[in-house]
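Order as written gives the chain letters A, B, C and D; numbering starts at 1 within each chain.
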Amino acid sequence: MTTPPTDLKATLLKLEARVHDLEVTARETGQNLDAAIHPLRAEVERLRTAPVPAANAPMTRWERVQLARAPGRPTAHDYTERLVTDFTELHGDRNFADDHALIGGPGRWQGRPVMLLMQQKGRDTKSRVRRRFGMSNPEGYRKAMRLMDLADKFGLPVVCLIDTPGAYPGIEAEERGQAWAIAESIQRMVRLRVPAVCAVIGEGGSGGALAIGVGNRVLIQENAWYSVISPESCAAILWRDSAQAPKAAEALKLTAPDLLELGIVEEVIPEPVGGAHLDLDAAAAALGEAVGRHLDELGKLNEQELKAQRAARFRALGAFTES
Amino acid sequence: MTTPPTDLKATLLKLEARVHDLEVTARETGQNLDAAIHPLRAEVERLRTAPVPAANAPMTRWERVQLARAPGRPTAHDYTERLVTDFTELHGDRNFADDHALIGGPGRWQGRPVMLLMQQKGRDTKSRVRRRFGMSNPEGYRKAMRLMDLADKFGLPVVCLIDTPGAYPGIEAEERGQAWAIAESIQRMVRLRVPAVCAVIGEGGSGGALAIGVGNRVLIQENAWYSVISPESCAAILWRDSAQAPKAAEALKLTAPDLLELGIVEEVIPEPVGGAHLDLDAAAAALGEAVGRHLDELGKLNEQELKAQRAARFRALGAFTES
Amino acid sequence: MALDRFFRRRRPQQQAGSDMPDLWTQCPACKESVYNRDLEANLWVCPKCNHHIRLEAGRRVEVLLDEGSFVQLSGRVHPTDPLNFQDTEAYSDRLVRAQKKTGRPDAILTGTGSILGLPVTLAVMDFAFSGGSMGSVVGEEISRAAEHAAQIGTPFVLVAASGGARMQESALSLMQMAKTTVALEGLTARGLPYVSILTDPTTGGVTASFATIADVIMAEPGALIGFAGPRVIQQTIRQSLPEGFQRAEFLLEHGMIDDVVDRRNHRNFLAGLLGVLTRRAPDALPTQQSPEQSSEQSAEAPA
Amino acid sequence: MALDRFFRRRRPQQQAGSDMPDLWTQCPACKESVYNRDLEANLWVCPKCNHHIRLEAGRRVEVLLDEGSFVQLSGRVHPTDPLNFQDTEAYSDRLVRAQKKTGRPDAILTGTGSILGLPVTLAVMDFAFSGGSMGSVVGEEISRAAEHAAQIGTPFVLVAASGGARMQESALSLMQMAKTTVALEGLTARGLPYVSILTDPTTGGVTASFATIADVIMAEPGALIGFAGPRVIQQTIRQSLPEGFQRAEFLLEHGMIDDVVDRRNHRNFLAGLLGVLTRRAPDALPTQQSPEQSSEQSAEAPA
């Protein structure tokens, strides 16, 4: 926990000042800066109306889900801009297309050579549409596998930043084997000879998240969620009413502390009070440190140990009794 | 047997001279060169005992090309029906589509468990269209690679029956990476841990043929052809007139005896006089015997030896001088 | 023909565990009424319209394995309610109901047996139990069966039938996708074949994990197979779905499965395939399929 | 910015082996006349329309490598006429003509050098020699260069520019596709990166072999890249080709290449990429490309 609650107010003031600056500039230059102003204004509005968590009022699971999805929530790019140098984005699955919802390439994670894979929701309306709000088509997972091949070949640890509502549910995605791509990507991760550290930084939606989530370590930010199904879909099926999503969120136990307790993740990465969007640098620093620490620890293991540890980690998950 | 008798005699003399040279070298150096000598000797023997074609019917190279393409020419299916049992056709590239021009699956080649890959032109108009006259889209080569993965996994030797005018030159084929699929298939064959025996049974058209042609042994039926380009396309480019195809065929030296002399193939598989279509059972028997014999020979090599032999075979091909 | 032999060896009979209170069954596809005895003799494929009726796990075992060869492995692992999940009904109550209905602890049945003499390890999902949904027990039993196959050196055959992961175990269900994948690695390490048979329906996390990383993927005719359910897709794209979308034949055309195989040919298909993949000597029992037998090729008259 | 530094280090200058008889060059794309000196300073990218003018192999080396770092490997292998090939002209005559024109034995130039201090082995195809066509010599020199890279432990960088395989060597040309692939295996065995740069045009057997099995595939803007030539495709399908068909940008969209990279950024791109792939410590020379620098991302304003 790094930021005191007063930071929300400070952030609001800062953002408002920037909106004002931009408006002045627009007037003075005659340039249309709406593309820059609108999102800022929306963010100001969101923060103003957002339920302000009092220091003594823990958030409900549903509130966290909303926070994890908020338009102002930092995306993978916000973090990699702060944590990664020498990044080369590599495009395409060498089969059909380049997917913009799941991107990656080699770079240095605070100096450490790694292969980066990240789900990217986009930072404005146009890019959100282009990136399908972080929902990959099969080509995204196939590109991920190709990059994992390169990671294995060159001994680069894999870092996955997970942030997706789920794999894209479209006709073409089905035609081109969405399920196959996810299954093969899971298998590809099981077979990695290099360390893999995964961090859920927003939404961890179902198989679309797990496809790049089979790490030696799986971390999650404090206000991120990870679940087999979204609260809305779960509510639609079990309550026959997607408006019951808050109830479903409670039942699914999908928040970071829940997942830590269930043994699904190794560590919860703290966010500034009120959420990562309120102090991006602090949020990035915490993410960078946690991922880096696990990379360094895993660096001591050899190929066999890495594969065995990863396999054992996932083989052990599940709850049952035995007669 | 259709080779003009004078050519046959000349070829025999040449081959015998080479056998002699090798024997001398073996004696002088103390090296065991049997691996090189035996196939040559077998070929000498084969040519000696081969049915002598009528002296008045020598075929030109162009006539052979036409024979290789004739609608009545046996297709891969005609051979596998006679030579392969327990065949299970496996479909699809698990990516985009099932290609009907390049098909395959596990089966028994005269009793030997193998992975069969074959280009299939179709046997009537309807199936020819469906199979694109033996011209694969990228999905065909991607399926081939998938089956090679299975072959490696289960230790099944790969048998490739090559019969294609070339890879399909279409918009969609380009969009989905025709060149990439061929290149990757070549690489996949280079990496095979199992024996691979390839036989050109009709047309060996360019990269589309080579994609499944990187075998430990490459055989060719007597009236098949194998070339970097079709005679028509070659004529269109060099003579600016595709009607000059007969001239191009002569220049390209694309017939079985040519290729044997150039060291591109290990063996010419005899066909019944007048062509394989005149006695399908005899043609199949000769193909079955030749492929089977090479499979048996290669069965004595281990993974490393197989890869090394295949690599050395192709690494050595080319004609140049060195200053 | 191989099929004749198959039927000679498997005459209709009253089965242990499958009581037939009604004389007739109405085919869900063509609505015709069919004698249960005829249906059973036809392996629950409608003789009128060829519809492949969904099979309870025990019947599936009978359809696939040599008579009397099945030795059950599963059954000792029981589900719990790790999240204390409560929707309109408590998960624990749902479990009890499904257990009573099916007589199984969960939606999975595994064991060993043989197919035309060839030993296999088999896992069958049971759609009758909570829509075949995959929770911790399904994941654990499939993992154990795959590991057992690797240990005793048999091929592994899995019959999928599932609506997907079980919501009531949330992230623990999701993790079964990775867990089963890990368990299947032992087969790869030992060079043993894994064949999956996708039946109606196979969707969600099951399709997106163990069911589709098989060496060979078979599917039953007409089976619905996909990642997202048709309704979810329709809600997303707000347009109607193409004819035959997500059906087995559609997936074959799109390169996703190795073949659509009629249930009455499953044993022959598997025996022929696994015999070659395991490099067994051709059996005294002829299971030959020469290329011209495939439906595709029979359309082509010899030149 | 990295680009500034790049230019500071590479001032325009008279080059050995590249004589400039004319003061002006007409851009083949926009038809504007450009000062040769400006063109050279801009690495033969048209300053008016950004068209990437085709480069002779020697110039390519200068564009890519640190000044004075190039040590040539190729040159001792000479072509023959194994088929005694004769079309409207004898192959042997064609060879002599191309050799005189380019001053090289064949369409290939290889050697070692460095990129921003990082040692590499380089192979450059020469489109000026017989359309960059690949015969035995091209295959042999590329193979030797790849093997040399593996031997001395450097990354391998290949610049492709070719109309395809050389018809006049028939099947021997075709076999170079497999031969080069074999030779590249040594890099894989040693975990050394191989990067190819596809330039205008790269088609046929070159695209269908070594050029596209690189670990990372770059392409120059606007480069024509494909298997079949546009004319062949048009003849086959008898309809017009889509806008931008087979251009670098088209292939990027279709997932076939890793990026379209402006020639003026090749050195930075390669140094940054290869530095990470070879796990070198971050250099004193900053070659940093942080994610927001890519053209794609700059379109996104921070929230």
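As a working rule, a contact is a pair of C-beta atoms (placed from the backbone, for glycine too) under 8 Å apart; a residue touches a chain by one contact, two chains touch by 3 or more.
Treat the numbers as computed from the prediction; the structure is a model and nothing was measured.
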{"item": "For chain A paired with chain D, centre-to-centre distance based on mean C-alpha positions, whole Å", "value": "38"}
{"item": "Rounded Å distance, chain A centre to chain B centre (Cα mean)", "value": "51"}
{"item": "Distance from the mean Cα position of chain C to that of chain B, given in whole angstrom", "value": "40"}
{"item": "Multi-partner residues of chain B (each touching 2 or more other chains)", "value": "94-96, 176-177, 180, 184"}
{"item": "Sites on chain D at which at least two other chains make contact", "value": "254-256"}
{"item": "Touch-based graph of the chains, sorted into line, ring, star, complete or other", "value": "other"}
{"item": "Every chain pair meeting the contact rule", "value": "A-B, A-C, A-D, B-C, B-D"}
{"item": "Of all residues in chain D, those that touch chain A in their complex", "value": "188, 191, 193, 215-216, 252-259, 269, 272-273, 275-279, 282, 287-292, 294, 296-297, 299-303"}
{"item": "Chain B residues touching chain C - in the complex, by the definition given at the top", "value": "71-72, 74-75, 77-78, 80-81, 84-100, 106-108, 111, 113, 122-124, 126-127, 139, 143, 150, 153-156"}
{"item": "Complex interface listing, chain B residues touching chain D", "value": "167-171, 173-180, 182-184, 186-187, 189-191, 206-207, 210-211, 213-214, 226-229, 233-234, 237-239, 247-248, 251-254, 259, 262, 264, 311, 314-315, 317-323"}
{"item": "Contact set on chain A toward chain B in their complex", "value": "94-96, 142, 176-177, 180, 184"}
{"item": "Partner chain B, residues of chain D touching it in the complex", "value": "76-80, 82-83, 85-88, 136-137, 139-140, 143, 165-167, 169-179, 181-185, 204-205, 207-213, 225-228, 232-233, 236-237, 241-242, 245-246, 250, 254-256"}
